[in-house]
Every structure is written in C-alpha cells, then in structure tokens.
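Which chain is which? They are A, B, C, D and E, in the order written, and residues in each are numbered from 1.
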Amino acid sequence: MNASAPLLKVDGVSKQFGGLMALSEVSFEVLPGRITGLIGPNGAGKTTLFNCIAGVYTPTKGRLLFDAADGARRTNGFKPERMTALGIARTFQNIRLFSQLTVLDNVRIGRHCRTSQGLFGAIFRTAAQVAEERRIVDEAMRWLSFVGLEGKAFFQSSALSYGDQRRLEIARALATGPRLLLLDEPAAGMNPQETASLVGLIHAIMKEGVTVVLIEHDMKLVMSICEHLVVLDHGMKIAEGGPRDIRENPQVIEAYLGRGAAHA
Amino acid sequence: MNTKTLLRNALLLAVLAIPLLPFAGDYLLHVLTLIMVYMVLAMGLNVVPGLCGMLDLGFVGFYGVGAYTCGLLTMNYELSLWLILPIAALNGAVWGILRGAPTLRLTGDYFAIVTFGFSELVVLFLTNEIWLTRGPLGLPGIAPASIDLSWLSKAINPEWDWYWEFIGEKPYFYMAFVMVVGVFFMMRRIEDSRIGRAWFAIREDDLAAASAGIDVQIYKVIAYAVSAAIGAVAGSFLARWTMFLSPDMFKFWESFLVLCMIVLGGLGNMTGALLGSVVLIAMGELLREILPRLGMPAETRFIVYGLIMVLIMRFKPSGFLPKIADAALHNPIIVELRRSLKAKGVV
Amino acid sequence: MLKVENIRTFYGNIEALKGVSLEVNRGEIVTLIGANGAGKSTTLMSISGVTPPRTGSVVFEGRDITRMPTDRIVATGITQVPEGRLIFPGLTVRENLMMGAYLRNDKAGIAQDLEHIYGLFPILKERRAQHGGTLSGGEQQMLAIGRALMSRPKLLLLDEPSLGLAPIVVENIFGVITKINAEGVTVMLVEQNAQMALSIAHRAYVLETGHVTLSGDARELMNDPKVQSAYLGLD
Amino acid sequence: ADSVKIAVAAPFTGAAAPYGDNVKAGVQIKVDEINAAGGLGGKTLEVVWMDEQCDPKEAATVAPKIAQDKSILAVVGHVCSSAHLAALPFYVREGVAAISATATNPSISEKNKDRAGKVWSFRNVYRDDFQGIFMARYAKNVLNLPSVAVFYENNDYGIGLKDSFVGEAKKLGLKIAGEEAYIKGAQDFTPQLTKFKATDAKGIFLAGYYGEGALIAAQAKKLGMDVVKMGGDGLDNVDYIKLGATSAENTFLAVPFLEDVASPEAKAFVAKFKDTYKRDADYMSVNAYDAAGMVAEAILKGGADRAKVRDYLAGFTAARPYMGIGGKTVFDAKGDCEKPAFVKTVKDGKFVAAPKQMN
Amino acid sequence: MLEQQLINGLTLGVIYALIAVGYSMVYGVIELINFAHGEIYMFGAFFCATFITAFGLPFFPAMALAMICCACLGVLLDIFAYRPLRRAPRLAPLITAIGMSIFLQNLAMIVWGSRPKPFPQEALPAFFHETALTFSGVQLSWLQLFIFSLTIVLMIGLNLVITRTKTGTAMRALAQNQRAAALMGINVNRIISFTFMIGSSLGAVAGILVSVFYNTMYPTMGYNAGVKAFAAAVLGGIGSVPGAMLGGIVLGVAEALGAGYVSSLYRDGVAYAVLIAVILFRPTGLFGKAVRQKA
C-alpha cells in the first residue's frame, strides 16, 4: 500500500439540518498511520462530520472517499453497518453501550460483521459454528485485555465506571476490525492520569495498524498526540496543519482556544 | 453434572411421569397441555419484544394463521400433521416477513399499533372469508393427530399396521412436551449465537448495533420470521388438539395474555417465558377451584385474576427472572473462559 | 450550611458510598475530586435525594433533608447540574431554561435571569427555539448549567461542568462559577479537571472508592504530592 | 352423599356475560323449586357453575373438568355455539349429556355423536334455519312487506339466521334490499343504515341480539327511517325495549314462548322471575329453566347415571315429549328440537302477542 | 348519501376523539398505554347514571360529580398501581394497566350487573335530542352539536394547558426524563396525579356523552373505546392532543366510509388499514415529531 495515499478523503462535504448548515464544504484527508485530530468550538459540526463519515447521516453535498488506495470508493449514503464492514469504526460522544449486556457480549457483538454463522449453525451447533464462536470469544478477550478490561468481562456494562465504559466502547469498535477508528471525545470525563493511559492506548491502537481520528477538547491530549489537526468552526474548516501551527493560529485562538489554553 | 442440571433433568422426568399418575385426569392433562401451548407462544413472542425490544401487540395473528393453515389442510387435503407443521411454520414466517418488512422504520408504539391492526385484520379475514374458513361457524371436527407408519410396517410385514391416532389428552401432552423442549432448546441456542447477540444489540441500542456492523433491518426481519413461525407451530398443534377452530380463538386478548406472560416472567428471558405461562394459566384454573370454596361466585374470578396480576408487577417489576442473555453463561466456551480467568486470578 | 454525615448509598447490592462525610460552608466553593467510579456523582445524587442514602444524614441549613423527595430538596435551594446533562430533548432551549425556574414565580426576575443566561452563553440564544436533543454536546452542557442557574440556587451542585466543552468555554464556565459564587451562591464542584477545580475552590475533598481519603484547603491539596501524581497529571 | 350434581357451563364474565346471566337465572329458579319440593328423590340437586366466557379455549378447559368429575350427571350449556363445539369432543368421549338452551349453530348436530352413533348433545332452542324461514314467511305473508333489508351480527347465530331468512325470502319473492354486518359490541350502525335508507326497504330484519338490535332500531329512527323491525329469539329480552325506547315499537319477533298463550306454570315462572330478578324473563331463561327441568326429570326417572340420563333425554320424542314452560319439546335423532313458534311485537313499551299469528 | 356518511363518520370520529383526548394526556406524559382508561370511561357513565337514578340528581350535577369520582379513581389508580412502577421497565406498567382493566371491568359487572343498561333519559335536558341543524337532508341534533363543540373546546383548552402553562411544560419535561424533572424541583408524582385527574375526568365526560348518545352502557364498553382511543392517539402522534383529535376523526371517517362503500364486514378492517397506511407513510403519526437523540 502506498503509505501516502489517503485512507479517507473528505471532499467538499456539507450537511444541512433544516435551515442550519451544520457542515459546509469541508475537505481534508486522513493519511494512514497518522493521528488526525478534529477540533473546534461546541456546535462546530465535528460530531456531525463523524456521523457523515460513519454513515449515520448522508451528506447534503460533497463526497466521502474511503480507502483511496483501492481506487477511491465513494461511500456517501452507505449505511452504518456497511461502513463498519468496510473498516470504519467509531465511538460515541454520549456513550452508547448495550447496557444490560455483559462487557464480553458487548465486544462479541463487535465481531458481528467479521463472522458469518446463521440460523442453521446456531440451532444445530455445527462444528464450524462452534469454532467460530470460539474465535469470537478469543478475539473479544484479546481486545478486552488490550484496553485493560479483561477482569471485568462478566460485569454488566452499565455497572462500569465512566472511564471503563469509554474503554469498552473502544474495545467494541476495535473488535469490528477497522482500519479507521473515529473517537468522539474519548478523554471526556477522565482525570489526567486516566487521560495519560488513554494516550498509551491510542498509541497502541496505531501500532495495530488502525488509523485514529479523534475529536477532543482536551488540548493537552490533542497537542501531545495528534500529528495533524483540522479545525472546524460553524461548519467550516478554518484551519488545518500541525499542532504547533494550529496553536498559534490567531483565528483558532479567537474562536476556540482562548488565551489561557493557548499556552497549555 | 452439577446440581442445577440434575435438578432440571429431575424436573423434566417428573413432568414426563405426570400422565402416569393415578390422579392425572383429562382435566389436569388438558390444562398442562394448554400451559405448554402457551409456553411455545410465549417463547415465540419473546423474540420480538424480549430479544429485539419491539412491542408486539398482535402476535395472535400468527397463531391464527398457523391454526387455520393446519385446520384447512387437514379438512381439505387430509395431510398429515407432520407434513403440515413445516408448511404452517413457513406460512407463518412468510406472514411475519410481510408484516415486518414495511414496518422496519417504525419504533415504539407506532410499531405496536401496526401489529395490533395486523392481527385484527387477520381475525377479520378469518371471520369474513366464509368460503375459505367457514367464518364464525368455525371449523369443527378437524381430524386428530396421528402417526402413520403403515407404509413402513406393511413393507416389513403385511400383517402389521403401525397407525396410531391421538385419542384423549395423553398423546397430546407428550407431543406438546416435545414441542416445548424442542422450541426451548432451539431458542436458547439461537439466543446464544451471533443472531441472538445481534437481536440483543438491537434491543439495547439500534444505532450502536448498526455501528457494530449489524444490519438492523435484516435482523429484525429474521426475528419477525422466527417469532411468527413459532406462533404458527403452536397454532397447528392447537388445531389438531382441540379439533375445532373459530375466529374467536384468536382475539386481541390472546396477544395480551401472551405478552403478560413474558413480561411477568421477565422480558427477554426464555425460562421466564415458561414460568409466566405456568403462572397465568394455572392461576386462572386455581381460582376456578378455590373461589367457590371461599364462597365467592364464579363472577369474581377475574377480579381476583386482575388484582393478582397487578400485585405481581408491583412486587416484581422486572418479572420473575429479569436476567437477559443468560443462555450465553451456560455455553461451554464461556464456562471454560470463566474458569481460566478465575485461574489466572483476573476476575 | 450543608453537612453530610457518614452516608452510605447502594445501587442494588453495590455499595457505592461507604460512609462519606463532608461539609460545605456558606459562600464557599468546595470541590470533590477522585478517580472514575470513586462515587463523586453518587455523592451529589445522594444529596439531591435521587439516590437516597441508606444510612447517615444530610443536613442543609439546619434541616434534615436525608429522606426528603428530590423536588422538596430542590425547593430548599439545592440545584444540581447532573452528570450526563439530562436536558429535556423534546423541549426547546427556552423551555428547558424555563423549567429551571419551575419553582419561581417572579416573572420579572425570571425574564431578567433568562437574558443573563443568554448573555453568558450567546449560542443558546441563537438556538433558543431548537429542541434540546439536537444541540451539540457542548451546547447541551451550557444548557444544563444555564437551566440550573435559572433556579437561583443557594447551593449549586455541579457534576463535571467542563465536560465536553471547548477550552475557551471552559475558561468561561470557571469564570461564571467564580462570579456566581461571588454573588453569594455556594458551590459544590465535581471535576475531572482537578487543576482548574482546585484553582478556584476554597476547600477540597478527595474521594476514593466510596471513602473520603483526603480533605483540606484547596491550595494545600494542590501541592500535596499524592494529589499531584494521581489527579493533576504532574509527575 | 345425598345430593346429585349437574354442571352449568356458561359465560359469567366477559362480553357475553349477560347471556350467561340469563341462563343462570333460569336454572337457578328451577333448581330452587326442585329443592324446595324435596329434591330429586330425596337428594338435593346441586349445581356446579362453570365460567367459560364464551371462549372456545376456556370451554375446552372446563369440559374435561366436568367430564372427569363423575358425580356430575349432565351439563346445561354451553351458551355460545363455538364454545359448545369446542367442548363437545370431551362430552362425547366421556359420555356425559349436554343440553344447550341457546346454541344454534347447525354444525352441532353433526358433531355430537359417539362411535356407536349415540347423540350426547341436545338443544331445546330452535335451529337458526327454522326461525329465519319462519320470519321470512311472516314478513311476506302477514306483514306484506315488498322489500326488506337484513342486518346481521357477524357470528354463527347471525349468519345462520340471515342465510335462512334470505334463502326463504328469495323463494317467496320477497326482495332483499341489502345485507349488512356488524360485530358484537358495536355501537354505531349509521353507515350501514344510511345505505339502507337509500333503498326501498320497508323493513329491517335484525339477525342478532337485543343489545345491538335496540341500538339499530334507535339509530334508524334518528336517521328518519320509520320501518318495521323483525328478528328472531335473539331480540327477545326486555332490554330491547329499555334500550330502544320508542323506536322499539313496531318490531316483530319469532319466539318459542308467549306469555299470553302460555300454561299456568309458565305464567307462574314469569311472575316469579320478575319477582326475583326485577326484570322480565326472556327466552334464554325460559329455555334454561326447561333444560334444567329436563335434566332433573331424566335423573329422577331415568336414574342417577350418566348413560341413563342421556338415554332418557334422547327419549323426549313425539311419544313422550317434555312439557315445559316453553311448550312441548321434542328431540329428533340429531338432538335438535322442534318447538312451536309465535310472533311477538312491541306495543306501548311492552312485549305483546302479535295481532296475527301464523301457523 | 355521501354527506350523510361523512356526518356519520364525523360523529363517530368526534366520539373517538373525545375519548382519545383524555387518553392522550396520560399517554403523552408517562408513555403508558393505559388500557384502564377505557374502564374509567365506563365507570364515568355508570357513576353518572347511578347518581341520577339513585340520588335523583339532575343531569349536569350528576355529570360533574361523576367527573370528580373518576378523577379520584384515576388518581387512586396511579397511586396504587402505577406509582410503585415509576422506575420499572417500560412494559411493567402496561401489564399492570391490563390487570387493572380486567379488575375494574369485572368489578363493574358485579356492582352493576353485566347487562346493557339504558341511560336515564328522563334526566336529560329535553332539547338534547331535538334537531339543531339540517343541511342537504342531513340532520344534526343538539346533542351532536354539544359533543362536537365540547370536543373542540377540550382539545384547544388542553393543548393550551400543555404548551403554554408551566404545569404543561412540566408534564412534557417529565415525559422525557423524570429524574431531570425532579432535579428541577418538579413534584413528579403530583404532576402525574394531576395528569391522571384531568385525563380521567375527561374520560368520564366521554363515557357519559357516549352513553347518552347511544342510550346504552355496559361493563365491557371500555375495551373498544380504549383500543380506538389508543389507535387515535398513536395515529395523531404520541402526546399530541390535536393529533389525538385528528386521529379520532380519521378513524371514524374511515370506518363510516369503509362500512358505507367498501363492506360492512371490513368496517374495522378499513379503519385499521388506513391507520397502518398513515403510519407507514408518517412513522411518527400525523402530528408527532421525531425526538431523536443525537448520535
């Protein structure tokens, strides 16, 4: 694979809700192996953009091209499950777990799109089905220990603390076997220590060959791990570049960082 | 074997032995068989509200479809029940899909009212299309079930005639028992599989489910089909058991009764569905027995019945067995995993 | 003003608070810090009566409010900005704010406060006719804070108010907190952003798995090496 | 013990409860009379009341309960045909005789025989086909109506009655201006009536029960349709007049029992009924009273044994009819009965014999 | 004939709407499919008739008293049956409602007997049954006009209460999140009881007027009414009072035209078919808004 070919190309994407332009003509590229950060004031359209990429919303205008290396596949209007199958996984800003299920089952469900057994296999417990179930459990446990939750595999997921729930969401997303992982404010609600361990986790994810795009308001985190930043404001891209450039960009300071945080 | 499985097997054996007991008359066997019919219905309905989280108020429609499929095939073509069962299941599934496919976008009570409307339409069809169903006159005199192995026995020895007609309640009791056990294990296995987990995921959060790669619509349709097929199987049994069908038997109330069973048992819990059926049917019969002894007239039966339902919910708001997805915990793979985690000391 | 004594709170069989005691004096900003799952939110919910403690007592301005229903506790002057925001998704932004003033009857005062909130968070004014559920995460957080302020509380309980807010707004929020504190509202603040919290608080408590393990003057705690390594991310 | 038992299976709860109530009232009076007079050969007659809600499923549950309790000698019931049909297999298999005072579905007479050809279910109520034909003739020959519209309840009773009425009307050259259905418990009939209004119908045949029948009569009047109403025994209840008020006038119905021409016993029953229940007796109560009477006589004279009771009941033939308050009851080989038919009408808020009877 | 059929449908529809408006209140606030509402409706009619016959009250005072009784009944129902289930899974109160509906219906059967009863007409104002209007051969009685206008007034009034008053906003707020509502100082139980009070007294009004209109009442009359009210409320959009009104009218007209022009055998079938079609076309009902949680 050509290392510099973009994994995801967002090309002039707009999204309108009634009279509100939540995104207008946003374009940028996500290069494989590079952590991209998406920042911007509240209501700038970051989550909306994730939703467009992940297939929850269909962009009003523009193109989304996933995996341009394979000759640019246009993915506008694909449904979420199809995007997941193609290799885009995500977490949610307001955690959405299968709250009555166990931690393990949450992650097992993540394996859904990489497995294939149907009714027949389920009812007759064919050898193939049992083998697949075994593989699902192994994979799930691998991701649980990856995020450090293997000890809580049999907890009901709603009984986890906030930070653990975030981790579990990440494990579930990783279990879908993505090439691109969208994290929506993963550090929200974490204390500095936990944030530090999240940084380690994100680096480990990158090592697994998964490219991460993240939305985050914790500037310390963003500045320390993102190699590339895209800044949105009022649905428009107002800046793009390395952390250093962004930190000094007056427009970004004005709209988003404020004076205090600029020095963080 | 641990004590739990031991207990379960003992219970199964005890149930199997009931017809052999001296006091087990037709009435007891009839009621037990009725309970088992409702067990099958409850397990069938459970798929949609219990596993997928969609409120279904019209399950009785599929019960009716199955019953009339069986009744008509028996009366008009004299087909064997064993042949009819798969046909009826398939017919039920088709109707399940026909009802489900257009309603995929609907959520909550909007879905519920459509299911209700659908079952009312089924009952109206059964009532009004007299040329096909005899309408309100009903279908009396449906042949009882039978096992016909004469083709086999004749081939071995022309003297033999392996043909048994189901007379009385006993054979139906055993047949219902087999049906319950079969459906139960089938559903437990589906529940603890990729499909079952997909259903649970949809029940918990359909957007998160889609993001986990589950095609929500397809899995809902599968759920509707499975649920309807089970309902239709119960209906087929009913037709050959009561030997009489009429559209009155498939009124709204049956849907609610079955819904009450699964909620009382614990929505989404298969064992709970069984328990709910036992409680609601047995309660009706016990009250029939007890109230007159307390000097209360027959008219008070449902006052007490309604009150008990309210009280059960009051003290068990999540039903008797609220745990969902518990089939997975008994899966050998999971049992093994737990053991190894414990051994490693991480749990 | 508020005295929490040895409360123990359960979720089913899980004991989330194992005997927490703390005090808040009039006019103070008190912050509660601790790791995920330590029981910070549970403490606030126990004070508000949403998850009433099984044992122990909560006394507010000399009144025992331990077993009072939530709405009566709110009426005594304790308002909470809950974790997860809990705004009303189907009500408009304006209606959400008006719900904050549910217990008030002074029309003029309410109108004035509404303008005040719009002044603090101009984006809310822009979105005032939009349904709360369609706001962005940060906008919802602002709405939740604004809604709480509309009740003119005596004691404001804030559960991670900076969660999900842009840095510029976080600064703003902390500014708002000091400002309303200066105007006479006592504040109890739960924060992951301990640095910020300690810098504006007078006193602080550290909570670990349902126990208070440390407490004292905010500035002193900020210099405590244990706190620094565990909660401030300074090694 | 010194009591003999019979069962009464009927709806005491649910939408059909009023009918069960009628039956219960009739049976109760008979049983009280018998016991007051010293019981059956010194034994008190005891009744086991079985509620089945007119629901086939419930009926099929109480039937084995009744059948297996060998101390129960016979059954009075069921009220609804579908319930009766669902219960029948148990009675036939276990050999306990049932008399229904109300079930009119023709299928019953096809499914009530055991393998030896013995009939186990009887009914002392008309079959629907008889009443329909009777009223069609009355409409044509006595009332001289040129054209009639038909309103039927969409159940076995209504359809059976309607089909026989329409069939006979066609034969007689009585024009059927329209046929419309309704379901039990319906309250609004104006759309169907509006359709009738546009035809030349001079009468409405109501193939259903009194509750809905009264509403139909009232709504027809509101729509300005001043037509003759006709019906079968289903209309025969004072509630028809109470609910229909003035619009109930000008209704003609076929009944098996007419107070004016009834025996002294019948008159005494009517009076006692009114005294006890504060309402007028209807055909259901009369039939139920007689059904209980037949069973009692069978137990007394045939013997306290299920098979003997059945044989005695089957013996109510032209040679040895049962003389009840509803007149002479004679069972044919199918367990169905022939009874006299009279025509009643509503005049000044009361049921009275129609000025012209037909025989 | 079409005019007459439309009027027939409209009358029926307004009656459904009258039942549905009260139903929709409770339904909108606690999202409970309150099957017992049909029984409250039935009790309303029986209470009113009993007050007239047993105590000799004139019609309007009897109606007012019946409304008060039903309001109390509704509140009691809430306190004893539903309140303990506030935090239970959503279907638990539905089962309780079914249980309560069975209980109340059978209780009424014991108290008043199972037989249909006429409404004591002599107590009614004489002009009720007189013709008020005639146009193109179609007659409308004063009673019909009274029912029409009452339904419209109730709908507008309720809608104003719900959308404009503080209590109304509180109702909607707690419909969305009871915990958050409590944190606003809203006495959740009191608001819900208030909702039951209003909903039940409107149910009583509906029951009384329908029994007067058809001159009949019986213990099982609540079932049909409850189901149609539920259908109307969903059709109109959950929680929307004008929606419930429109939903009721759509159902009524569909039924009348179905019986008049399609087949009286499929009268309800046509109504349900229209219901299903509308909902498939508008998945949140006629006036319902999709309240989406953001992803």
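Here is the rule we use: a residue touches a chain if its C-beta (ideal position, glycine included) is under 8 Å from a C-beta of that chain, and two chains touch if they have at least 3 such contacts.
A quick note: this is a predicted structure, and the numbers were derived from the prediction, not measured.
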Co-neighbours of subunit D and subunit C - touch as defined: E
Looking at C-alpha means, what's the farthest chain from subunit A? D
Centroid from C-alpha atoms only, then distance subunit C to subunit E, rounded to Å. What do you get? 42
Counting in whole Å, what is the centre-to-centre distance of subunit A and subunit E, each centre being its mean C-alpha position? 48
If you average the CA atoms of subunit A and of subunit B, how many Å lie between those two points? 42
Nearest whole angstrom, what separates the Cα centre of subunit B from the Cα centre of subunit E? 33
At least two other chains touched by the same residue of subunit B: list those residues. 127-128, 207, 299, 301-302
Give me the residues of subunit D that touch two or more other chains. 13-14, 17, 154, 181
Residue numbers of subunit C (touch at least two other chains): 134-137
Would you mind writing out the residues of subunit E in touch with subunit B in their complex? 31, 33, 81, 84-85, 87-89, 91-96, 98-107, 109-110, 227, 230-231, 234-235, 238, 263, 265-266, 268-269, 272-273, 275-276, 279-280, 283-285, 288, 295
Tell me, which parts of subunit D touch subunit B in their complex? 12-14, 17, 49-51, 54-57, 60-62, 64-65, 67-68, 81-82, 85-86, 88-90, 93-94, 105-107, 110-111, 154-156, 158-160, 181
Listed in rising order, the residues of subunit D that touch subunit E in the complex are 13-15, 17-18, 20-21, 154, 180-183, 185, 187-188, 190-192, 194-195, 197-198, 211, 214-215, 218, 222-224, 239, 242-243, 245
Contact residues on subunit E for subunit D in the complex? 1, 4-5, 8-9, 11-12, 15, 106, 109, 113-118, 121, 139, 141, 210, 214-216, 218-221, 223-224, 255-260, 264-265, 267-268
Would you tell me which residues of subunit E are touching subunit C in their complex? 166, 169-170, 172-173, 175-177, 179-189, 289, 291-294
